[in-house]
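Here come two complexes built around chain A, the first alongside chain B, the second alongside chain C.
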Partner chain A sequence: MAGTVWSQVQKDRVMDISVTVILTLMMLTMLYPFYYVLILSFSKGTDALVSGVYLWPKNFTWENYYHLLRDPKWYQAFLVTVARTVSGAFLGVTFTCLVAYGLSHRDLLFGKVYFIIVIFAMYFTGGLIPYYVVLRAVGLLNSFAVYIVPTMLSTFFLLVAISFFREIPNELKEAAHIDGANEWTIFYRVVLPVSTPLIATISLFTGVGQWNAWLDSAYFVQSEQLRTLAFRMIEVINKSNAPSDAIGAANSVSTGVTSYSLQVTAMVISIAPILCVYPFLQKYFIQGIMLGSVKG
Partner chain B sequence: MDVNKPVTRSAAVVWRSQLWKRFKKQKLLHLFVGLGIIFLLVFSYTPMFGILMAFKNYTISMGIKGIFTSDWAGLKHFEEFVTDYRFGEILRNTIVLSLLKVIFAFPAPIILAILLNEAKNLFFKRFVQTVSYLPHFISWVVVVGISFAFLSADVGLVNKALLQLGLISKPIDFLTNPDYFWGLAVGSAVWKEMGWWAIIFLAAIAGIDPSLYEAAQIDGAGRLARIRHVTLPGMKGTIVVVLILTIGNILGGGLVGSNFEQAYLFGNSINNPTSEIIQTYAFKVGLKEGRFAYGAAIDLMQSVVSVTLIFLSNYIAKRRSGSSLF
Partner chain C sequence: MSKNRLRQVLVVLLSVMLLILAACGKSGGNNAPANQGSSGSSGSSGSSANADGGQKANTDEIVELSLFIDMPWYPLKEWKGPVAEKITEKTGVKLNVTVATDDNQLPLMIASGELPDLVFTYFGINRLSDSKLSYPWNELIEQYAPDFEIDKTRIAIHTMDDGNFYTLRNAFATKEEMDSNPYALGNDGNPAIAVREDILQELGNPPINSLDNFVNVLGLVKEKYPDMIPLTMDINWIEEYFQQQLGVEAAFEQWYENDGVVDYAISHPKMLDFYKFMNNLYRKGYILAENFAYANDQIDDQYAVSGKAFAHAHTVSVADSDNIKIKDAGENFSFKLLPSVISDEAVMVNSGLGFAGTFITRSNKNPEASIKFMQFLASQEGKELVMFGIEGEHWTWNEKGYPDLKYDPSDTEFVNSVGVKWWYLYNDGVMEGLLSYVPGTQKTQALLERKEHTIYKPELGLIQTQPDSEEATIKSKIDEMVKNESVKIYLAQSEDEVVKNYNAMMDNARKQGLDKLVAWANEIYQKKAPLFK
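Here is the complex of A and B:
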């Protein structure tokens, strides 16, 4: 009897150790790539090409960042990306909340018809090519608006917002109504202030989506001034995967900055904001997927 | 008020005036909703009607109207795609990539969730979990950039390390060799989305009644046995729902990263024989070469296959396990 108990304890220990080891390894494969890119961005560009940089930056330098922020191609892309993220998230949240607030009224006339239109739009899409034709017809192509206008309303977040607004106790709205508030005041003064979790979740996901988007910058705009960070990164990767690759060519001999080191630096800049908001907004990230699972 | 109204007024008129009153009271709400509906009509519904172009002789210069006024072409575009010399290859790539992703990327978050649930140290567990879904928020562009930093033949860390260790004599072309593309796509999808989907499975595990574990323990079940007989059955419902969702979008990449983004961003002229899928092909033919009607037809074929798969998987799930989506 004692023997089997002992072996059970032993088995448990083996299990604990293997779980810890596997999880640790997995965590490292998730973390190290980010760290590696970070130390590359602080290494001298030409050094990063030849010899191995593994744990620490080699010939620590700010040169890559300095160069990137002075290169009009890159800093403009950075500004465009920031602008589309901020305005896109703001516009998306505002519009989604307005429409959702209207739809959240159970006594809304034609409410059923509106709902059918929304649900149908959620499950069916026309595909990219007819979509492009529409963007072209409404004159959005090759303008900054193409980044933020067609993405203003996501049917998924619309439904999430509707169910959120419906959860708000009616007493709140009624009290405001008795005090003489009209629909707008109720929305602005009563409903929005208690909807912070909803607003945070939607702006977060819309913002991340805007920050990461690349297809629209590659195909819906031609103007070089409107290119985003993601587009510039694709550009470098495509160039360096081409058979006659020239990423090793230093842009400037004295600083050792290469197009590869610039690309890596751009990647760090592109990851950094997400990493910064990450710890604070984790619970909203989780909320996002849980809202998503409700739909399933 | 009503008392003063003539009794002879027909019910319909009263009803209409009441309706109008209600509408007037809600006018601000209708303004909000109306804007939303207009938005959907423009950006969702017009493209849906735009699919018509797949059956027409349409060129982009005809604008929106041309979609409706252009001549019918029947199934010409579909025939052209099916007889395209690359059709077989593209169809194979689409299906193989999708299946590989379901086979490997679907179980990964389940395994991760179980492992996390077995971790005893709460801080360690939370830390690993936090790290694990970080890649979900990074764009595919950056993921491709990271793969480049690790796997490229001339600057990739993996190649450099292997060379220094003397394990290989010349760098491996992970990113350009067609033989590596599927592994690359599946591996990066697992890396990026495993932690994210583990959240849902962890929630499912959290919902399991703890007394079941105690009962199993009393019955002499070891930890592995408890995983098999308590944890896994407890997750079954969630697993089936997520599996149905995955299969419903199988050609799009399941839930783990879009096939299109992966094939497009990891694809290049050298690994094209394995990286070209229906969607990227439609995109290239349609937008890059300007053959919009043909591109739309190719896209539509993929949707038809997808819808078939959704209903098929739902039907099978209903018969096998009783849980289904609709």
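Here is the complex of A and C:
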């Protein structure tokens, strides 16, 4: 008997070791490209072309960061991006939760109609040109508000939030009613405090979406003061992607082709801040992906 | 009325209301210009024309015009620097520049009616040559700048079916203009191959004066340096050098002409020889299969600069630019260009019509200032200023007739900070060619050799499909198919398979409408060719 138990432990140990090794290898395979980008950002431009950069830069240098960050446009873009991320996430959460709370009441008049409108809007869109025309008609073009207002209500998270709010026991709300609370008070003092995972999840996804968005900065904004980090990154990368027939016809081998190390530096600068914030919200992310799922 | 019925009626009413509200916007929209900075003063710009076409600007009345550059890779994004300031001083015009982020931006602007004052584009030339979108230059010249003279060839090239021309492309020159100036060279859009000088020396300096010699040398390299890639090619320049050496008169997606009859490049009698040649290189191991799948145009540079490739196919600047990078990296080998012509059958046909053009859109607030601005850029003074910089400060004419530049034109940081060349919203191929003339460089030598062998057929460049036309669809399908099938042909396992795959590709092309496309092209050619006689 003792021999059988020992062999089982051994088997478990071998399995654990195998799984750990395989997962570690997979992790390294997935992490290495990111690490490679990081070390290239600390490499000279020519080193990115010459092979030999594997685990550490051949010639460690800060010049790529210096080159980009000394440009005041990047500071401005950083400020704009932080502002839109914070305000976009806050207003997105607020608005979505308010609308979701209202819609979570099953006895809401015309509730089904609102649902149909939300679902329809989630699946169908007019396209870029009608969207542009609408933004122009409401006067949002070339303003900071174009980053915030159109994304204040996320239909996907609205449905998730509705599902979440419906899970909150009615008894809580009834008890608050009996104590004299009105709907605003119930929402603010009863519902929101128990909705931390929901709020964190929506904040995280909305915030990341705001941080990475560049399309609105490219199409709907002309002022250089309102450009975002992601847009600046696209600019740096675009400089290197001139089609060769265009360069040839433009009579120049070099349009100021950005070295690859400069491009990756732009990427690192663009993603670093959000990477720093993410670990603090990670537990909510893991909880959040289960939100809205069918519960028993 | 029952409760349900009432509910249904209310739902319908609500939906109708929502629809009505959605359909109503601010009628006429917000017609604010796409670029916030455009102030475009109306009426006279307050300047007078001088004989050169330039204008002495009244600095109190600087006209601000918005310019959209439809090229995401454009290096200049702001109207600043000595050249821009000088142009403003001469014309009274200042530009508020917006550079495209991608190819969708201009179509979005056109569709939403939010065009800026000026648009500088090369992809959008056919689309913007429309009286609903742009002012015809001929009308503006007649009205505001009757002394703006343009040669008949350029007018002929750009005149649309409605009899108007809406732009003039830059970077164009006729054969006569190019021949009249020995220092006017072609541009960087010319293929070349560079080889390692040190390795060639170690092999005993075998001559490379024919394609067979070149292939033999690749064989020697493969034998003696088994770890080295004999030939690496830029993803965008794989074919053209060899096509030209083998006598194929047109690159893929272009047209060739023989005895007044036009046909598509893939139908050229020597195209099959070209495919066989490339396949031979592959089967002998002189080129890698992965070369045809490079995701960007820097991978080949990496091989060359790191010393892992013997020959590097790219443009005429390949040797000069590789050598700069090699020197920066602290290595001690170098590349030299092969001659531009290494075959008796070599043919180089220039069917280009120029590069990009500037449009004065219907949203332009000051068409008068705009056409006078273009007039200045088209003047000798304007062309020199834009292309070389400020005379005396950045360059001077030497006695031979080409500019002595006080800077290195490949010093992109200097060039971009001063604004040399990139404000060429209108310019010509001769002036741009002079910038390429830098004695002592391999590029200049290569371009001089090419100039001697180049045949000009700009009438072929006029065979252009219109956006959304049936011919455009057919051409686009065939081009996409050829791109994919060509790789199969290059990587065939035998010459017989090459022939079989090529014939299959041609059958496919015919099924997709090649004959119809060629018939259409001949119709256009017959109509346009007399303009050049």
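Quick note on the criterion: the second predicted complex is superposed on the first by the 201 of 296 C-alpha atoms of A that agree within 3 Å, B and C clash if a C-alpha of one lies under 4 Å from a C-alpha of the other, contacts with A are read in each partner's own complex, and residues count from 1 in each chain.
To be clear about the criterion, a contact is a pair of C-beta atoms (placed from the backbone, for glycine too) under 8 Å apart; a residue touches a chain by one contact, two chains touch by 3 or more.
Owing to the predicted nature of the structure, the values given are computational and were not obtained by experimental measurement.
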Decide which partner touches more residues of chain A, taking chain B and chain C as the two options. B
Could you look at A:Ile17 and tell me whether it touches chain B, chain C, both or neither (first, second, both, neither)? neither
Where does A:Val133 make contact in the superposed view: on chain B (first), on chain C (second), on both, or on neither? both
So, A:Ser223: does it touch chain B (first), chain C (second), both, or neither? second
After lining up the shared chain so the two structures overlap, which partner does A:Leu69 touch, if you call chain B first and chain C second: first, second, both or neither? neither
Which holds for A:Gly102: it touches chain B only (first), chain C only (second), both, or neither? first
First, second, both or neither for A:Met27, with chain B first and chain C second: first
Going by the contact rule set out at the top, does A:Leu158 touch chain B (first), chain C (second), both, or neither? first
Can A:Val37 be said to touch chain B (first), chain C (second), both, or neither? first
Of the partners chain B and chain C, which touch A:Val9 in the superposed model: first, second, both, neither? neither
Kindly list the residues of chain A that each of chain B and chain C touches, one partner per complex. 49, 52, 117, 128-129, 132-134, 136-137, 214, 219, 234, 238, 240-243, 245, 247-248, 260
Considering only the defined contacts, which chain A positions touch chain C in the complex? 44-47, 49-52, 110, 113, 117, 128-129, 132-134, 136-137, 139, 141-142, 214, 218-219, 222-223, 231, 234-235, 238-257, 260
Okay, in this complex, where on chain C does chain A touch? 10-11, 14-15, 18, 25-26, 29-30, 32, 34-37, 71-75, 77, 98-99, 101-102, 104-105, 108, 111-112, 114, 122, 171, 187-190, 234, 236-237, 297-298, 301-302, 305-306, 308, 315, 317, 320-321, 325, 328-329, 331, 352, 354-356, 410, 412-413, 415-416, 421, 432-433, 435-436
Show which residues of chain B lie in contact with chain A when the two form their complex. 19, 22-23, 26, 28-33, 35-37, 39-51, 53, 60, 63-64, 67, 112, 115-116, 118-120, 124, 127-128, 130-135, 137-142, 144-146, 148-150, 152, 154-155, 157, 160-161, 164, 175-176, 191, 195-196, 199-200, 203, 222-224, 241-242, 245, 265, 268-270, 282-283, 286-287, 292, 295-296, 299-300, 303, 325
Write out the stretch or stretches of chain A touching chain B in their complex. 8, 11-12, 15-16, 19-20, 22-24, 26-27, 29-31, 33-34, 36-37, 40, 48-49, 52, 54, 95, 98-99, 101-103, 105, 107-109, 114, 117-118, 121, 124-134, 136-138, 150, 152-153, 155, 158, 182-184, 208, 211-214, 219, 230, 233-234, 237-238, 240-243, 245, 247-248, 260, 263-264, 267, 270-271, 274-275, 278-279, 282, 285-286, 289-290, 293, 296
